[in-house]
Structure formats: structure tokens, C-alpha cells
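Chain lettering (A, B, C, D, E and F) follows the sequence in which the chains are written, and residue indices restart at 1 in each chain.
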Amino acid sequence: MPYVNIKITREGASAEQKAELIAGATELLRRVLGKNPQTTVVVIDEVETDNWGIGGETVTVRRARGQ
Amino acid sequence: MPYVNIKITREGASAEQKAELIAGATELLRRVLGKNPQTTVVVIDEVETDNWGIGGETVTVRRARGQ
Amino acid sequence: MPYVNIKITREGASAEQKAELIAGATELLRRVLGKNPQTTVVVIDEVETDNWGIGGETVTVRRARGQ
Amino acid sequence: MPYVNIKITREGASAEQKAELIAGATELLRRVLGKNPQTTVVVIDEVETDNWGIGGETVTVRRARGQ
Amino acid sequence: MPYVNIKITREGASAEQKAELIAGATELLRRVLGKNPQTTVVVIDEVETDNWGIGGETVTVRRARGQ
Amino acid sequence: MPYVNIKITREGASAEQKAELIAGATELLRRVLGKNPQTTVVVIDEVETDNWGIGGETVTVRRARGQ
């Protein structure tokens, strides 16, 4: 019954990669806490780089500097 | 003053249906806890089926199997 | 498969009231969008009044003023 | 190491304004709690006015009435 | 820079198990998307069983029935 | 009408500091986007250091090492 929310910047994650994140997070909860995969929910949010900040600046600005 | 966040898959909910969810959630908080509707906030997130997982797989894959 | 998060101030909601919120939110999603109640998840967060702000001040301060 | 999530309606906030929100929230955590800006994360969600409710109705409806 | 939020019911997860969830989620993001572990944040919320609903009822009620 | 959620580790923030965060976040939204302070909601979550991870380990472990 766990609920997992993964937030990443929107920078081209493929459907296959997102499916891997979902499978992996579900398996992690099963392995560590014995949670039933059938009721584990995973939601991925992809966030524009203009809308994500770290170190007080946007990821857009960091990417432009090559970070 | 409650805050309600409703996450659903993006599968064609209409503006009318979303307005009904907002009215219904606001009324629920008023009825059960006496919360003031004027300051109840409801935010609906519609999530791509590639980004929503249950049972370790994406909703896209489940829908393709007819689930 | 929806996920609903309800945030309220921690001011004595009973187990019965919280069960009513859970039943009501689940039924709302079933009625408006035909969502399967068996996979609808509702999580209630009760937040200390010191940790909830509206109008730029904490609910603790507002309650002390009788609001 | 704080995490800040700012949700606003999608009504034309510019990249500059979003960068200001990110810088301002990061500075706020530094000033009040001495948190390290380098590990402070800020995520802004812009929500369609059809998906945001207050007072039991959508922001779309409120804007149409001039509110 | 990803942010992962894991919500589970509060039913006795140990500090070691929570450390395993944090390590596992961080490694998952590194493996699938090449994300830098140093800036991956994981937050675990443990929710009272009275405050978690599925199938329209609380986990407290389900546990009492042996589910 | 904005909603701001601030997550910090539970390490002794005082009621005064939390009130400052609430006032500051509300003022930030007013200054940058002209948002009405009366309907701006701020919720602070304080998270146990066992439940917060960065760099693949818990803050508890990092604090024990002096970080």
C-alpha cells in the first residue's frame, strides 16, 4: 500500500526508463518492508528545468553553465 | 483551511468533472469537520499513464492489456 | 487508482471523522470519474497549528485571536 | 537540505519570476534557519485554473466573474 | 537532484530499514537515469493507520480484520 | 491562493522561526507575483533525521559524522 512520488527534471526520460523506475521502486518496498507490489503506487513528476531550483538558481541556468 | 490534493491519471476528465471533484471535496470537509469552504483549497494533478505505476508496471501497459 | 492527500490542522479530528473523510473521498472519485474504490488511496496529514500558515501568520496566532 | 514546493496557478509567471521565487525561498531558509543554499531544493508547480479550487469552485470560474 | 517521497504506514519500520529504502531509491535513480547520488533527496513519511485509507476504509480497520 | 510546502529536518526549529518562514514565504509570493497574502497557505513539515536521506544515507548518519 505504499505511495512513492519521484520528482525529476523533464530532460528526456523515456517511457522505458520510467517503467524501470516504477518497477524498481515497487521491488524496493517489497524487498525491504515486505510490501505487496499489487497495491504499491508510484507517481513520477517531470518538472521543467525553469521550475526546479537548487543552490538558489534554476536548473536551466545551471545547465547553460554546463552543470 | 484544509488543503486537498487529488492525483488521477490523465485520461480525459472534463472541466465539469474536475469542478465536481472540487465542489465535492470542499463539501466533504465542511460536512465532516465543519471546515470553512471559503478557505478550502483543492488541487487536481493529472498524471500521464506512462508516469503512474501500480503493481510494478505503468498504467499504459495495464490499459494495453485491457485493465 | 487515484491518490488523495488531505491536509488539516491537528485539532482533534477523531478516528471516526477520519474514516468518514476516507470513505467520502473514495466515494467522490467513484461517483464523478468511475474510479475503482479498491485501489483508491487516501492519506490524511494532521499538521500542528504552529506549522500551518495562512495570511502570513500561523494558525496558532489566529486561534489565539479567536479566528 | 530543505525541500520547498510552491504551487501556483498557471497564469503566465515568467522564467525570471520563477527564478526570483527560487532565489527568495532559498535565501529565506538560509536567513531563518541557517540552511545551506547549495542543498536547498525548490520545485514550482504551475496548475491549470480548471484544476485549482477554492471556496468550492475552480479558479477558472472565479476569474470569469472577475475575481 | 531528484526528490523522492516514500509514504508508508507507521507499523514499525526500523532505522535500518529506512536507511535501506534511502540507499535503494538513490541507487535506483543513479542506475536508471544517471542521477548524481550526492544531490538526490529521499523523504520517508510514516502515516498512522487511522490516517491511511484504501478501498474506502482505514488500514486500522483492515488490520483488525486480518488484512 | 498559492500553496507552499516547506520540508525541513526536525532539529529544533522554534515556533518563532516557523512563524518567520510562514511570513517570509507569503511575502515572497506577494512581492514576486502579486499574490494575495490572505489566501496564501504555507505548511511546514518537520521530518525525523532517520527519515531524510541525501547522498544515499540518512541525515542521522551524516550528523553523527559531523556533517
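Descriptive notes on the structure:
Please note the rule applied: contacts are C-beta pairs under 8 Å (C-beta built on N, C-alpha and C of every residue); 3 or more make two chains touch, one makes a residue touch a chain.
These numbers were taken from a predicted model, which means no experiment stands behind them.
The chains in contact with chain B as well as with chain C are A, F.
Placing every chain at the mean of its C-alpha atoms, the farthest one from chain D is found to be E. When you average the Cα atoms of each chain and compare centres, the chain farthest from chain B turns out to be F. In terms of residue-numbered contacts, B-C and D-F present the same interface, as over half of their contact pairs agree; the other options in D-E, C-F or D-F do not.
In terms of their C-alpha centroids, the spacing between chain E and chain F amounts to 20 Å. Under the contact definition stated at the top, the residues of chain A that touch 2 or more other chains are 1, 3, 7, 21, 25, 39, 41, 43, 45, 52, 54.
By the contact rule set out at the top, the touching chain pairs are A-B, A-C, A-D, A-E, B-C, B-D, B-F, C-E, C-F, D-E, D-F, E-F.
If you check the complex, the residues on chain B that touch chain C are 1-9, 13, 17, 20-21, 24-25, 28-29, 31-33, 35, 39, 52, 54, 59.
Listing the residues of chain D that touch chain A in their complex gives 15, 18-19, 22-23, 25-27, 37-46. Those residues of chain B that touch chain F in the complex are listed here as 1, 3, 39, 41, 43. Residues of chain F that touch chain E in their complex: 7, 45, 47, 50-58, 60-61.
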